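All chains are identified by letter, namely A, B, C, D, E, F, G and H, in their written order; residue positions are counted from 1 within each chain.
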Amino acid sequence: MPSSDLSRILIKVKKGEMEIDEALDYLKDWPYEDRGFAKIDHHRSVRNGLHEVIFGQGKTPEQVAQIASSIWNKGGNVLVTRAGIEHFHEVRNTIPSSIYHQEAGLITSIQKTAQRIGKAAVITAGTSDLYAAEEAAVTLEFVGVEVQRFYDVGVAGLHRLLDKIKAIRKNQVIVVAAGMDGALPSVVAGMVDKPVIAVPTSVGYGANFAGLSALLAMLNSCAQGVGVVNIDNGFGAAALALAIVKSGRENR
Amino acid sequence: MPSSDLSRILIKVKKGEMEIDEALDYLKDWPYEDRGFAKIDHHRSVRNGLHEVIFGQGKTPEQVAQIASSIWNKGGNVLVTRAGIEHFHEVRNTIPSSIYHQEAGLITSIQKTAQRIGKAAVITAGTSDLYAAEEAAVTLEFVGVEVQRFYDVGVAGLHRLLDKIKAIRKNQVIVVAAGMDGALPSVVAGMVDKPVIAVPTSVGYGANFAGLSALLAMLNSCAQGVGVVNIDNGFGAAALALAIVKSGRENR
Amino acid sequence: MPSSDLSRILIKVKKGEMEIDEALDYLKDWPYEDRGFAKIDHHRSVRNGLHEVIFGQGKTPEQVAQIASSIWNKGGNVLVTRAGIEHFHEVRNTIPSSIYHQEAGLITSIQKTAQRIGKAAVITAGTSDLYAAEEAAVTLEFVGVEVQRFYDVGVAGLHRLLDKIKAIRKNQVIVVAAGMDGALPSVVAGMVDKPVIAVPTSVGYGANFAGLSALLAMLNSCAQGVGVVNIDNGFGAAALALAIVKSGRENR
Amino acid sequence: MPSSDLSRILIKVKKGEMEIDEALDYLKDWPYEDRGFAKIDHHRSVRNGLHEVIFGQGKTPEQVAQIASSIWNKGGNVLVTRAGIEHFHEVRNTIPSSIYHQEAGLITSIQKTAQRIGKAAVITAGTSDLYAAEEAAVTLEFVGVEVQRFYDVGVAGLHRLLDKIKAIRKNQVIVVAAGMDGALPSVVAGMVDKPVIAVPTSVGYGANFAGLSALLAMLNSCAQGVGVVNIDNGFGAAALALAIVKSGRENR
Amino acid sequence: MPSSDLSRILIKVKKGEMEIDEALDYLKDWPYEDRGFAKIDHHRSVRNGLHEVIFGQGKTPEQVAQIASSIWNKGGNVLVTRAGIEHFHEVRNTIPSSIYHQEAGLITSIQKTAQRIGKAAVITAGTSDLYAAEEAAVTLEFVGVEVQRFYDVGVAGLHRLLDKIKAIRKNQVIVVAAGMDGALPSVVAGMVDKPVIAVPTSVGYGANFAGLSALLAMLNSCAQGVGVVNIDNGFGAAALALAIVKSGRENR
Amino acid sequence: MPSSDLSRILIKVKKGEMEIDEALDYLKDWPYEDRGFAKIDHHRSVRNGLHEVIFGQGKTPEQVAQIASSIWNKGGNVLVTRAGIEHFHEVRNTIPSSIYHQEAGLITSIQKTAQRIGKAAVITAGTSDLYAAEEAAVTLEFVGVEVQRFYDVGVAGLHRLLDKIKAIRKNQVIVVAAGMDGALPSVVAGMVDKPVIAVPTSVGYGANFAGLSALLAMLNSCAQGVGVVNIDNGFGAAALALAIVKSGRENR
Amino acid sequence: MPSSDLSRILIKVKKGEMEIDEALDYLKDWPYEDRGFAKIDHHRSVRNGLHEVIFGQGKTPEQVAQIASSIWNKGGNVLVTRAGIEHFHEVRNTIPSSIYHQEAGLITSIQKTAQRIGKAAVITAGTSDLYAAEEAAVTLEFVGVEVQRFYDVGVAGLHRLLDKIKAIRKNQVIVVAAGMDGALPSVVAGMVDKPVIAVPTSVGYGANFAGLSALLAMLNSCAQGVGVVNIDNGFGAAALALAIVKSGRENR
Amino acid sequence: MPSSDLSRILIKVKKGEMEIDEALDYLKDWPYEDRGFAKIDHHRSVRNGLHEVIFGQGKTPEQVAQIASSIWNKGGNVLVTRAGIEHFHEVRNTIPSSIYHQEAGLITSIQKTAQRIGKAAVITAGTSDLYAAEEAAVTLEFVGVEVQRFYDVGVAGLHRLLDKIKAIRKNQVIVVAAGMDGALPSVVAGMVDKPVIAVPTSVGYGANFAGLSALLAMLNSCAQGVGVVNIDNGFGAAALALAIVKSGRENR
């Protein structure tokens, strides 16, 4: 509630246009709905289009379908992350137009097309990193970010990357998923001047320690402009990419 | 070298206006200077204003001063990171207008004011995280990003943060430095919809394991829109923030 | 055996009222039954009502049911922790009034209502932390501590917590279960002055390393008054909360 | 600000006894000072007597002395933690009655005696754990908790502990500091039914990995009623013990 | 081959009593069978009765049964470690008198009773540590060491141990298996003056990190006379105990 | 106090030869000195000659000298571990016959020669492991164990070890100190059938992580009969070796 | 494209033998196919015969079979790594002459025999390390390196190795696979002067932490001439061995 | 001793040409000097020219100088690794022609020029990795391997590497030192088909954990033909490179 609103209420009370009890009613919920903390309520997920997201892992198909229906019936689009085929079957029963993105482990149900708000590149070192990259890519498309995919361009065959670097540079933000030595984000960040979001994947074995090798490599990137998210966290990368794209739009 | 340039050379050869040896000379360095890979050469640090940066740690004061002079004499501004007072004394001998930012461990020498290109919030959980935050803040100011500082607003006294959240939200990107439990980026990211760059600091003792506790907490942030840089890497956070701000400008 | 008892025996020996052999018999078992170390025997679990607890994990349903019956037949209430549905089925065969708390993985069989001895708040950051929180909550109720549950009030949407903080403060001890960034105990402890027992959960993936991220964050809490128990150890949190509540009662 | 206060202001406005501007002034700082979040402001450290604490580590003697004077001049007692002898010399210049607790690394300056509010046992496994135990003990005495010290009663010579266990049990809360194998809290908690706060110390070498061995042992204690704080965090143990003692008092 | 044997062969060759080819045959396998390195061949496992041991894990039942038969048919006793019930069924087909020690995961087939060579105590902290303790105990009995078992005498109820300590002391070597806080070996070693072999078990969850907590605690034991083996390595403890018992016998 | 002593006191009381107060005085300290727990008191370190040991690290030279004098004046021999040259100078002031073993970091002061009770081999992989080996060797000699040293016989030049293996085998127990790859105990244990005590040293750099590489290798030894002590813990190895030697003597 | 080729094109253009458009077509893909970066394209895997390798793990049998057919139909030999029996069945449908190497988890399909280019020894410590060794051995044979296998020659029975060392020395490169204490590469490298490639295996349990113990031991090898590959990475060892053999050939 | 030698001795004994005592003398030292194990004696360091190497770390200048003199006086060249300037001063006193390689921490004293036996490339990612690279390079030159240095060609500015790749490929073996993200070996190995020896350096801070980040990245290299040595182990890399070069020479 802006100061002017508060002032208006006080004026009304003074003028007798508003009863004290009525004013009290307005003011008692005030911190959470109207002023300062109201902003807390309308927090980031509400504003960035990711508030409809359902984290599927650990939820039964029925639970997921129920939440999905609830969102859908209020007119919202639905995104389920870490979803299995069993979640999809249940959701499709209620929302027949739903799509299952198997590689990404995502379910999307769309009734109003998202406004196009920017573009991002999503890159992988190998084909086995696709699952994390697709989680990022489909999520970004869900919220209106156009995605260019550059897959399997890892540093062991550098010419594949060099070939694409011009196209990659044309995006506002670059998501790079890599496992094993986690070297790709460093190389990419050395050749573009856009923010690079590094997603370590758990791809590999032995001393990769379930993604630790790639994670540490990315945190220690010798190139500038790299931010790292959790291992396998393609969704988190998309959320950060979205925040970056939106921040750019607002500051025009 | 654009395709048209290549074409022009070939035409000249055909017409006899250029000797084959001369053409060979042009073409042999081509990939690195003129086309495709030329972009590699004019890579990110050149384009984002961070190319003058000198990493002071492990260098002698004389070495630092020498590189600084070289940059200065070509008309560039100078930024030395991880600099001690002894580096500063040596640099000041050559560039008297240099300033030492003790808290940040940075030396700046400025002869042309950076163009203002955006604004960022820099936040710390405690006063002991200042060193990393100042490294980020002074670096950002050096490249033209306006910085608002919000220090000592950690979660153990949450009202200090709530008081400032409105002002924080007005920035394009938020840098949050925190040690110990590393909780602040999660709380901030839950209340703003701008990209949050989390800088774990090595502040603490015992089971903080030199910053590991904050690092892991930040990578596992339950809020959306958080990218993490290396422990104590305030400069890295600034470089990422700069890339974000620039990406937003280019896409107007 | 208090000094007076020892003195009395010696006097009897002196007076010839007790034979030396009889005195020797008394004294030889003395350390374990009569004095000092007798207290060892009547150790904490006997005194705090948690001595009937059966740790179900790794035991067969038959073993669990057998121990449960034995306790039940002596008039005791039964609590089985880390119990599966198969344990429950077997226990119910013998003690039909038994209840299975699926979320908590607990079986309770109650024949005498526990005396109400205090009240505790049990809080979770997310719905996925419920299993650990319920293990704590049901255990506390089993021993007579009234429990108020505040679930899904994590720091990514802080207003949810702020809304409840007044009610939380009215309890004698606060149990907070959180996974991922483990930030909630720090925030809660910053707003209440009651002892906070932090339960790191293994909820998450990647760099949470099966609960390590939350564990380290909680050990490094920047707020005061936080004690940490093992990852996923809701029962341990309840046992500590019970000790705290009882300590308060005894010192009235 | 209780609802009645808000109501009173509105009545005054209505009656014309208070100008709108004056009411606005009252209300604009309201969330932080008067109502709901006021509780945040008067948060735990204010209420539990630990708000005067200065964390000495990383601060210059001058900084510490300045803050100490400021507290002292407002009539408060002063506690400086992680303080060196150089901090003490500077503080004593301003507050001559200050005392340096070398073992604990604490400075105390007392002008009003703390009210006695309870009693705690502080135990160590060896003499080398004294530093952490004294940090806890002196802090507790500073805030009015009576402390009984039981030092060097580790499990390698168990009779030393058995001799004292009766006296230990008479306290409301038990702080146990131990390094190396961290076994003592398990043994103590098996013999008392009071809350045990385990402080792992970094005492030892090799595979104790700077306190990790004791920390993990304590988190995995096979006895009930143990809460763990950070390695070497005697102050944190005292803060938790204080919260426990106060919680017991309030619920009389 | 002692020097005298070598000499004898040379004399025979000299005297013509042995052909050079025959002498060559003797000598060509010499280093491994007769001298110096012969000791390598008749190495420890041969001498201590553990050479018939079959490591079952990762072998098919058929493979295990085949090796077992081979040993049995040469008159040897058979011990299979890390054996499942399926291994037992196959072995019993060939050697009907075989016994399956389920708790220990061991199969034994005995045709000649081992000579009694000493006695050892095997102790566990809890009932869940039985598997490792039984692996040690049954192995020791297999090679002729008399075993006294003291199970479930962990430090959370210390009187159970105190009650048995006199009997424990009467053994030549003490094997102590414990998980979680791994405190028991420290306590035992503080009360006996025999060698204590500590076996960390992987029993527990969360921050026990699959036995790491107990392992580190045992390596850092504050009591004297403790040697540690690998996590869950009851067999290794038995092998060390056997070496200790044998060493004592040889030095009479 | 043996049962007969107790009986004798009771008889004296009965006969009036001892006053009850006098008897009470005897008996009040009884549990720790005379019976049951008396065994605790006369615990292992008392019985094995290691009770005079002073852990020098973290103690001032004055403290060490004071304790040393106290032991010396009661007729005991003195052993100070982890002692620096400054400790030695102070001790020598009081006990001029003291010797400083620089490599081992030990001070010994001997007034009564220890009875010879057995023999042990002490082996090192390299010359840089000497400090840990000497700590073990000098300690063993201090308590009467004859020591044969075999230094610098690591696996990178295996013939050096093979040359000595016959002599090594003649000892009752083998202490092997090795850093880096920690391979030597495995090789030695494969060639002798005596108990092998492995001492990982912190010698090395990089991925030896202060002794972790050798520690893990030793715990995973593929040879039988190996017990491991803490990194650099030569004293602990000696204490275990002593217990083994003594156990062998008692069972003659 | 060698400089001479470039020169030839220019000459043709000059002479009018080639149209400018035609020359542009040649030159536009030039960096990737003909010069500088052409080398990138014809990178190592192409040149060393390992370019046909298919990483089977995570691919469906159909995907594997499809890629295999594609390679086969172009006349290439096929190698599938980390292949299960289900992959083999599918591949054999298309390429009936395929062979499944179960121990190695490899499928090979050969239509042109590889030229013999050198020889390598492949050694294991135990029989349980075979899987990694066979992955290396079969891969080496696939590319034409003759392999001598020396299996189960670990350090716990050193004579087995000593017996073979002469034969081992005759190879150009030595691959050593070992788990647990990882001691074998150190011992082997101490006795041969050929490059030793150490493959840590995940064989073992407890404190081997899935291969970490062997990995650290190998990285800290006290012998000279050891290079380490990832845990269980027999294929990687083969690739390095191949590079070494080829490097030797080229430099004749 | 080949079988023919043994046969010859036996024949001599038979013929009376050799006394039995003389034969015994020959044969008793046989395993170590004459046959099989003689090879152990003339082990790798003797054969590859690295046997004169003195590991300086932890040795006093006097010790180093003494060993150096001893080698020098026998006509050998001297190499001291991990040497400080104080070691150099002492060595130069005895061997005035000695040279101190400060960056490498090496001392060399050369009286006979090493035969040129091959060539190696030594590469670094940054200038701060020079110390490890120079340790490798100077060591290689010491033993006769020609070295080409390519420094500061890290992946953050890839064109620097691309520019040199042709020259790099002309070497027989490639040593690559890199810290931080450890990405360079992967990129290099993707572009050359020579063996690549990766040296992780401890350069960096925070989550590089003293070289762990680079180490893990290199072990997980997605390119083929990479062997890894210990962190900062330039000397080890040189020893492996030397073994590779020598292996190639022998197989001509």
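The working rule: a residue touches a chain if its C-beta (ideal position, glycine included) is under 8 Å from a C-beta of that chain, and two chains touch if they have at least 3 such contacts.
None of these values were measured; they are calculated from a predicted model.
Engineer: Copy of A-B's interface among E-F, E-H or D-E, judged by over half the contact pairs being the same?
Structural biologist: That interface is repeated by E-F.
Engineer: Just grab the chain with the largest centre-to-centre distance to chain E, centres being mean Cα coordinates.
Structural biologist: B
Engineer: Please compute the C-alpha centroid of chain B, do the same for chain C, then give the distance between them in whole Å.
Structural biologist: Distance between chain centres: 50 Å.
Engineer: Nearest whole angstrom, what separates the Cα centre of chain C from the Cα centre of chain H?
Structural biologist: So the centre of chain C lies 60 Å away from the centre of chain H.
Engineer: As a quick test, compute the distance in whole Å between the mean CA positions of chain B and chain H.
Structural biologist: About 40 Å, centre to centre.
Engineer: For chain D and chain H, what's the span in angstrom between their mean Cα positions?
Structural biologist: Result: the chain centres lie 56 Å from each other.
Engineer: Can you list the residues of chain F that touch 2 or more other chains?
Structural biologist: Only 31, 36-37, 40, 43, 156-158, 162, 189-191, 204, 206-208, 212, 215, 219-220, 223-224, 230-231 qualify.
Engineer: Could you pull out which chain F residues touch chain E in their complex?
Structural biologist: Residues in contact with chain E: 36-37, 39-40, 43-45, 47-48, 50, 118, 162, 165-166, 169, 172-173, 189-197, 215, 219-220, 223-231, 236, 239-240, 242-244, 246-252.
Engineer: What does chain B use to touch chain G in their complex?
Structural biologist: It is residues 3, 6-7, 10-11, 13-14, 16, 20, 23-24, 27-28, 31, 36-37 of chain B that touch chain G.
Engineer: Mind listing the chain H positions that touch chain B in their complex?
Structural biologist: Going through chain H, the ones touching chain B are 128, 156-159, 162-163, 204-208.
Engineer: Would you pull the chain C residues touching chain E in the complex into a rising list?
Structural biologist: Residues 31-32, 37, 40-41, 43, 45, 55, 58, 200, 202, 210-212, 215, 230-233 of chain C touch chain E in their complex.
Engineer: Can you list the chain E residues touching chain D in their complex?
Structural biologist: Chain E residues touching chain D: 125-126, 154-158, 179-183, 186-187, 189-191, 204, 206-209, 212-214, 216-224.
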